[in-house]
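Okay, so chain A shows up in both of these, paired with chain B first and chain C after.
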Partner chain A sequence: MDKKNWKGWLYLLPAILFLGFFLVYPLVDVFIYSFEEGYNSASQTYFGTGLYNYSYVLHDPYFLQAVENTFILVLITVPVSTGVALLISMGLSSIKPLRDLYQTIYFLPYVTNTLAVGLVFMILFKKTAYTDGLINLMLSWFGGNAIDFIDGPYPAKMFVLCFYTIWVVLPFKILILTSALASVNRDYYNAAKVDGTSGFRIFRKITLPMISPMIFYLVITGFIGAFKAYSDAVALFGTDLNAAGMNTIVGYVYDMLYGNSGGYPSYASAAAIILFAIVLTITCINLLISRKKVHYV
Partner chain B sequence: MGKQVDYEKMKKSSRVQKIAGKSITYILLTLWALMVLFPFYWMILTSVKSYSAYNSEYIPSLYTLSPTLENYAEAFTAVPLAGYFWNTLIFTVITTALMLVVTVLAAFAFARLEFRGKNAAFTIFLSLMMIPNELVIITNYVTITNMDLRNTFSGLILPSVTSVFYIYLLKENFEQVPDQLYYAAKVDGTHDLKYLWKVLIPICKPTIVTITILKVIECWNSYVWPRLITDDEAYFLVSNGIQEIRESGFGRENIPAMMAAVVVISVPLVILFLLFHKKIMAGVARGGTKG
Partner chain C sequence: MTELEKKGFSHNFIQSIVLYPEKMDEGRILKQIDFRFPVYYEGMKAMKLGCPTKVKSRRYTVCDRKNKEKTMKVILQNLTKKFPGRSKNGPKEIAAVDDFSFEIPDGKLIGLLGPSGCGKSTTLNLLCGLQKPTSGKIFFGEEDVTDLPAEKRGVGVVFQNYALYPHLTVKQNILFPLENLKGAQKLSKAEMMEKANEAARLVQIDDLMERKPSELSGGQQQRVAIARALVKRPRVLLLDEPLSNLDARLRLQTREEIRRIQRETKITTIFVTHDQEEAMSISDEIVVMKQGVIQQTGRPQEVYDAPVNLFVAKFLGTPPINVFQGRIKGQKLYIGEEVIMETKDLPDQEVFVGVRPEGFVLSKDGSFSCELKGVEVMGRDISVVCANRASVNPTIRAIISAENKVDASRALVRFTLKPGKVFVFHKETQERICFLKD
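Moving on, here comes the complex of A and B:
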């Protein structure tokens, strides 16, 4: 029996080593860092413990800008992407020919490199001395004036960021919702048809309740993912997000850690913990709402 | 008689309505498909326009009559694109291989072996899935820096290996294999490792292929960790390479060459996707998330 015990743990050992060293220990450590004041990563010394790091971060205008950007991004992209994904999935499940082709095309952004495709979006939206860019050309067809979406006014930059974020997150949502729609029992629809129920009523009374668990799953993971936005912004606006005024909370954490303004793991830790306090709160609120609204079969 | 006609009319109008609805659905779906595909088209189109042609187009043209491959040559000579590519390949292959070994062993222990503390260990593993990467990356950065592993493959690879979710996925799959096979192997005196290699892995190959592909995609696109841990161009992965090209490569104005680099970087994953799209989509639908 002893030999058996020993063997089981031996098989687990590599996983335990990796997880312990790169997941559990860092999790504990990040809380310690966040309370160590004036930590210096070169000499590994600090001169006190307390809440100073949190107060510094909360008073840093760059952090407040990042929080504002992140909240705007979350509040726009999560509802819009979930709604659009629902519309597209409903369209997809109402057709037969070409459905697989459309589904495959829609999923393509999921496998592409966010940084690489972001560069294409930048070029499409950017206005330079040589050219106004394709999007501005299209705007001019409708009588609009050329705007620089990448270095221009804040709403324009935010629009591009939201647009690109939605483009990136839609594939996952469409995939999940299409399979949720496919799993709804046909009998309900047939029964409704016999009763002569209208299409909108079928949607509200059958489809929506049946797929509501998946919608809430997408909303919750969508919130979590959008709060962690970073690569999309880098792809569009470059690595110096503070200068562009488009930093996100995660971007602030990384900037504190590394780069021109870097070298402050304590501030980075405090900012990361604040972020996860926010995410945790929002997730709990979501779960509370879902308990009331979601129909579990 | 009059009633009959009415009925025919209703049938006709409902069919018209149906066709109209279908057409609108198709039009909207096609529009979105174009939205998805357009950036890819634009990337390829721009990459085959010559530098002078691109820069003389004040109004960007939607096609080109004189495609050229000079930008691809430029992409490989003016910046170390081949190096970025090679680095990413090494990083992806080693990380995925290590992940597979660790995952298969752990999943086997949880699915087939009996030992004290197994259930507690599994619960702890599951709860680890909730730890967000952004929290642990700070300490990992400090650890790797202190271990002098910046700008090395070890520093890039080691923290990227673990994936609790894949252990969970594979364990579920291993458990679906009938116990009898295991006991039969035991009676025959087969060693556990041999049973794992000769029986479990072949039976569960679809799941293993799925997690391999998902991990490859993850590795190929990883940006944050490589950016933190490498500042020497010789160790850049493609994502960092793209960012570097954007900020300082080619002279910022050579957009066609930039797009050529973007195409080169995107092609491997697109090919992988076209080959395995059924598997990838099924795998992601089973619980993959992005980021």
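Moving on, here comes the complex of A and C:
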């Protein structure tokens, strides 16, 4: 080893210590807890080791409900939000007047507090004894029956949750995609135009490949973000998500640690590790697909 | 007009059939006919020549360039493009191209030349249809293309940065324009490949077809861009600063290459450059522009030998022309206090005198004396750097043959000036007043 190397390590030391204490150590710890049955964090004791925690979690109907909810949320919101964001940013980059105004408007949700947004959604969607809510009012114009989106049937609740999630993640995606679109050299479009390329073909053959790294980034972070969804559900349906049947995996982990049924760090750890495994698998699949579809130039 | 002419046959072709029917074998007819047009096909039936089986199986074939009037002259008529002014106090509109009238002969290579910001690229954009002129007209041959969108003009453009699609291979890049064809023009896969291969062979990149643009050198990318522009057999080829991204050695090579390709394809080609050497070396004609206005057009040597004004004189030639304050008095041209030469029939006035570097001849009893500053040896010839109080620039450069010996320790050198290399320009208008020939 080079003699001067110790200096490099010295410079890295603060970061390594910091990350070690607060990131690596807890990760390893969670992994260990997930195999320790009935771990008690106060007394630091447990009954034995094994796969019991996993077995319990995987047989818990609440967990299965949470997994189902999370998957539905991910599979709907990630493609839809990315697609809508792409449409909006294409629109934004093709208009000139009022572009800055629109950009600001579309970015506003990003700087708005999640819970505040949740409150607004509640007002829009919730049906109370006094009012059916704004959305139901609009539905009634078209002859629809009033639906309770917040405490009503499962599809209605899932619809609100997806709608809410898409709305919240949209601004960031629009921001990224507008800048990606702006960075595509105009000459490519000019060249295509001179060659008589149709608008759709320009989009499919030039625009999409050119911004594919950014789309890929958004899909990966979108997947991870959606798998970790929790606060959105709380903002809409309150803290007792299990009762509402709208829990997510992260919500389940939280409940196991601190909720009404809290005090089970072992189950929480097992659920967290399962979530980790799911996210890892999905990300790996994404990476494999991206090798063919994403063009880094 | 005969029946056949109505059907789209050229006059010469009909005549040759009528005069020498026995000589018109299948191969010759195939050569004459562009099978992309159904009229030819029907015309053949009408003539009872029968359709060669080869034609039946292939609806389209690469036409024989030599017999087809594919290339054409380009006419610009009072072309003007104005942009809204940016600054509040400045003019409301800025004319990037101002009343541009010019005819580009069929099948020639034309260099649009001027300093940056003179409207060259705008002219190119107007020609290819990416921008609409404020007024004026553009004709390709007989056809008015002013209001045609870019894709219908049949132009090929090579952009300054080549604009090769980085995610596509060379082959896919060249195929791209062909894949856009729709309806009756649509080609089969094999036909597209044939055309792409032909274009690739023309620019000698047929062994690089599977590479990505990032794996090519600058010169190779340039060739791919040219191949992509040529693959649809454009009526006019436009090149925007084609050599500016290449290093010096490659630039020389590539400009010869462009010349060769243009000669082979005979496509009317217009290329834009700010490098006068580049433009002079390969163009059939050059158009010198300044602030959107054509200064002079003509063959490179003609323009160099007879610049119409001081701007053109300064812009062409390396090293640049030497400019002096001078005056005409009593039919004699003075630089400083020295009489340079006799003039004829010119009123007394203050003038600018331009002398090409190669217009100096060392002479012991020469009429023009300069303070010697140094001698640069360049092998073939030497460059004498000197100063004169009347000179507009601090130094004067004279290029003389290396056979001359210049004693660098001398303080003064004397020259006589070659009359054909001396131009006199009006002090205010900067127009050339006269030639000083013997």
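What to note about this one:
Keep in mind that, in the parts below, the second predicted complex is superposed on the first by the 277 of 297 C-alpha atoms of A that agree within 3 Å, B and C clash if a C-alpha of one lies under 4 Å from a C-alpha of the other, contacts with A are read in each partner's own complex, and residues count from 1 in each chain.
Everything that follows uses one rule, which is that a contact is a pair of C-beta atoms (placed from the backbone, for glycine too) under 8 Å apart; a residue touches a chain by one contact, two chains touch by 3 or more.
This one's a predicted model, so the numbers in the text were calculated from it and none came from an experiment.
For the composite obtained by overlaying on chain A, chain B and chain C can both be accommodated side by side without a clash. The superposition of the two structures on chain A yields an angle of 80 degrees at the Cα centre of chain A, opening toward chain B and chain C, reported in steps of 10. Of the two partner chains placed by superposition, A:Ile150 touches none, neither chain B nor chain C.
In the superposition on chain A, A:Asn185 makes contact with chain C only, not with chain B.
Residue contacts after overlaying the shared chain place A:Phe22 against chain B, while chain C stays out of touching range. With both structures placed on the common chain, the touch criterion links A:Val194 to chain C but leaves chain B unconnected. Of the two partners chain B and chain C, more residues of chain A are touched by B. Within the superposed three-chain model, A:Leu218 lies out of touch with both chain B and chain C [touch as defined at top]. The superposed arrangement places chain B and chain C with a least CA-CA distance of 6 Å. In the superposition on chain A, the residues of chain A contacted by chain B and by chain C do not overlap at all. In the complex of the two chains, the chain A residues touching chain B come out as 4-9, 11-12, 14-15, 18-19, 21-27, 29-30, 33, 41, 44, 87-88, 91-92, 94-95, 98, 102-117, 119-121, 123-124, 128, 130-134, 137, 167-169, 172, 175-176, 179, 221, 225, 228, 230-231, 234, 238-239, 250, 253-254, 257-258, 265, 268-269, 272-273, 275-276, 279.
Taken together, the chain B residues at the contact with chain A in this complex read 22, 25-26, 28-29, 32-33, 35-37, 39-40, 42-43, 46, 55, 57-60, 101-103, 105-106, 108-110, 113-118, 121, 125, 128, 131-132, 134-143, 145-146, 158-159, 161-162, 164, 167, 192, 217, 220-221, 223-224, 227-228, 238-239, 242-243, 246-247, 253, 255, 258-259, 262, 265-266, 269-270, 272-273, 277, 280-281, 284-285, 288-291.
Put simply, chain A touches chain C in their complex at residues 185, 187-188, 190-198, 201, 205-206, 209-210, 212, 295, 297. The touching residues of chain C, counted against chain A in their complex, run 128-130, 150-152, 155-157, 159-161, 163, 165-168, 176-177, 180-181, 214, 228, 232.
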